[in-house]
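Got a structure for you, questions after.
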Amino acid sequence: MDQLISAILIGLSQGAIYSLMALALVLVFRSTRVINFAQAGQAVVSTYIGWEVVTRTGNYWLALPIAAIAGAIVGAAVESFLMRPLSKRASKGAIAPVASVILTLGLLGVLHSGAAIIWKGDQKLLESPVSAMGITVGETVYPFSQTDFLIIGTALLVMLTFSFIFQKTNLGLALRASAFQPEIARLSGVRVDRIRAIGWAFAGAAGAIAGVLVTPGSALSPNSLDLLLVFGFVAAVIGGLESLIGAALGGILLGLTLSFVGLYIGTSLTFVVPFVILILVLLIKPSGLIGGRKSRNA
Amino acid sequence: MHNHRAKRLIGFILLGFILFLIGNRVDDLRLYQGASVAMYVIGIASIVLLTGFSGQISLGNGAIMALGGFSATLAQSTWGLPLPLTFVVAVLGAALFGSILGVAAARLSGPYLAGATLALAVALPSLANQFTFLGGEQGLPFDSGSAPTFLGEDFSRFKWFYWISALAALLMTWLISNVLQSRFGRSWRAVRSNSTAAELVGIHAARSKVLAFTLASGVAGLAGAVLALNLGGVSPSAYPLSLSFALITGAVLAGISTLSGSVIGALLLVGMSELVGSLTSRFSLEDVLAENLKELLVSVLLILAVVFTPNGPGDRIRERKALHKKTK
Amino acid sequence: MNGLVVSGFSVDHGAIRAIDSLSFTVTAGQLAAVIGANGSGKTTLLRSLSGLKAPTTGQATWQGISLLGKKPEELARQGVLHVSDGKSVIPELTVKENLALGGIWRRDKKDVAAATAEVIDLFPRLGERMSQSADTLSGGERQMLAIGRALVSRPKLLLLDEPSLGLAPLVIEQIFQTINDLRHKLGLTVVIVEQNAMSALRIADIGVIMNLGKLVAEGRAKDLMNDPALRAAYLGY
């Protein structure tokens, strides 16, 4: 029973981080139909910036928002200076269907190697501001710490904030309209290019926060967030790639699944499980287990 | 039609002869680089087939290369097969896997396929770490063999690698160019540009996609086996994610749908390493900078290529010619 | 010149000339009906006037200022509203959100609320369905919603692309009547592009008839309607 509770708690905590990364991917996909693989690189650079802040000021609480802002700036820059010029030029020929994917891959390489050159490839540590020790309830020590609370709390806060912005504000309306029907949005006076950049900024911030939250439990290196990207992608697909709620639930589901697999089967399959889940979801219900809208085969 | 095929065959034989001559004149380092170029040519050709012609993106061809490399190695150690047969096993094994993967891939497109193959690229090598018969992290050795004695005592190992790799590359490229010029190549392009229209003229889109995946995987498998030959072994770290990316980069840099582009792409990739190597020694760059400079340069090049000449520089030239004709 | 002036307008789709040297004038406050069959270039005309497509040559000015070379969203903010064909509502959003979309760029939120109230007054059916998703609306209701959204922006020049498309005859009459009333009340300048020549010309001041991208006839709507040759050839009766 205790083991079960532990597995659930760990699953929730990990899942929260996957949700954040999934959120970042969904935000961009909704507005530009692009899976931003470079998100791993953007997040890692933002996390390094957060690490710099922590190293210099010793203040984790300051690092989090600064990393988020850095992530936002990088995200907006990528959209404005790379993605938008590309979509104008590469719309025909053999490369058209895959051009944006390849562009994000190139960007990922630049960010990886750039980060490695600036910060070197060794693993950096980022200390959590709160205890990372398991919580004791009665006689049992659960593998769930204050840090995990921080993670879940922050992820929840981010998601609620985005949800609020998207559903209740004019900015959110503009974001959604630009994603669904950019031409109609333009004809209604919405500055779609600017709005799209804002969407990417939000995504960048979400990815950065995910990176800063996940790093205390592991280590920071230029490639350390690649796996998180894969998990985030699987979570996003589970949730249907279209809705923010889907991303959130997908992340939790993935986290719990991985946790239980780890508990009952062993950790050797950690990398294989997401792949299997991904293939299963894409084959059986491509619109996502949770998403309901039209299936996405295009 | 026959005329074309005959011409092509002669062209390849001629090329082989030229490569043979070159091989006799250069030093070991260049020979090894030549072998690497050959390996990349095969790997990039798999992308040209899969992505350039059939329009399916795969971020996991590095993992399929790994499959080929491991198959060849295991075929050698378990059944004691001679070198050429191990390569055949690599191709067949990878193609078999590709056909299964292709069935799933045919139903996905764009970002979904990219993500799925990305997950594959991450998952597959890590599998090798788990199972001891696959060698774990250290990997397994591959006996690259040595030149037959009749070739003489000073026949260097690297020349041997060069010969085998170049031969494999020539053979495979010749085969692929035939396939691409055949009705299969045409049906892939038809499906890529408009699958509905293609279906209307009787092309079975899904089947053609699976075929493309199968063949491309077989090709990638061969590349993996060649890599195993050149490295003298296989291990998960020989087929990292960056290998998959390098293949795509090479393909895009030289025009993603031109087979001859594979050679240019391969030369660029190996040339980059060479360039960085000489920059490192010239300016005594730190190790870290050196290692990453190559990736940085290649990635920047990729971005520039995708934004400015997405279909390869050849396409730009063709466009300009067409525009010229129009304004006349 | 206070109105819409189109001169020497030519638009190409690649190698195809969709509009060939088109010229016409719409005085401010008038309603112009652009009539033609499919492929006559009517939709391309509106898309070029609203900034979605650039013409190859020619000029188009509204109130003396060129419409060319501007982004659609900028033109919309200057009062040139293009209601594109058929279903130009966003089905994933609610009716309320679709209407709000017309006003999010405006600073005067009070006026946006007033304009929205006026639209609901005009189209009570929309008012009943405010929180419903737009894809549950009928064809006629969608057209009302699309026009309503444009009205929230307080347009000065309204470009309507085939407002009758896919609608039942009774609904078509209602819509056209509404458009006519509106433009009188609000002093709008309207350009309607239509295949349904009769309904459009009846409420129009001037008519512009196009065929295969070229101007065939231009003049007072009444004159065009009564010209037997034109009627037979282009108006279908």
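Order of writing sets the chain letters: A, B and C. Residues in each chain are counted from 1.
We adopt the following convention: a residue touches a chain if its C-beta (ideal position, glycine included) is under 8 Å from a C-beta of that chain, and two chains touch if they have at least 3 such contacts.
Since we're looking at a predicted model, the values are computed, not measured.
A.B. asks: If I count C-beta pairs in contact for every pair of chains, which pair wins?
C.D. replies: A-B
A.B. asks: Which chain, with its centre taken as the mean C-alpha position, is closest to the global C-alpha centre?
C.D. replies: It is chain A that sits nearest the middle.
A.B. asks: Roughly how many whole angstrom separate the Cα centroids of chain A and chain C?
C.D. replies: That pair's centroid distance is 43 Å.
A.B. asks: So what's the Cα centroid distance for chain B and chain C, whole Å?
C.D. replies: 54
A.B. asks: Using CA atom averages as chain centres, what separation in Å is found between chain A and chain B?
C.D. replies: It comes to 31 Å between the two C-alpha centres.
A.B. asks: Mark out which residues of chain B touch at least two other chains, giving numbers and ranges.
C.D. replies: None at all.
A.B. asks: For chain A, which residues are in contact with chain C within the complex?
C.D. replies: So the residues of chain A in touch with chain C come to 170, 173-174, 176-177, 180-181, 183-192.
A.B. asks: Give every residue of chain C touching chain A within the complex, in rising order.
C.D. replies: 50, 52, 71-73, 76-77, 81-84, 88-93, 97, 100-102, 104-106, 149-150, 153
A.B. asks: Note which residues of chain B are touching chain A in the complex, please.
C.D. replies: Contact set of chain B toward chain A: 51-53, 55, 57, 59, 104, 107-112, 114-116, 118-120, 122-123, 126-127, 130, 192, 241-242, 245, 248-249, 252, 256-257, 288-289, 291-296, 298-300, 302-303, 306-308, 310-311, 315.
A.B. asks: For a test of understanding, state which residues of chain A touch chain B in their complex under the given definition.
C.D. replies: Within the complex, chain A contacts chain B at residues 29, 33-35, 37, 82, 85-86, 89-90, 93-99, 101-103, 105-110, 112-114, 116-117, 120-121, 226-227, 230, 233-234, 237, 241, 268-272, 274-275, 278-279, 282-283, 286, 296-298.
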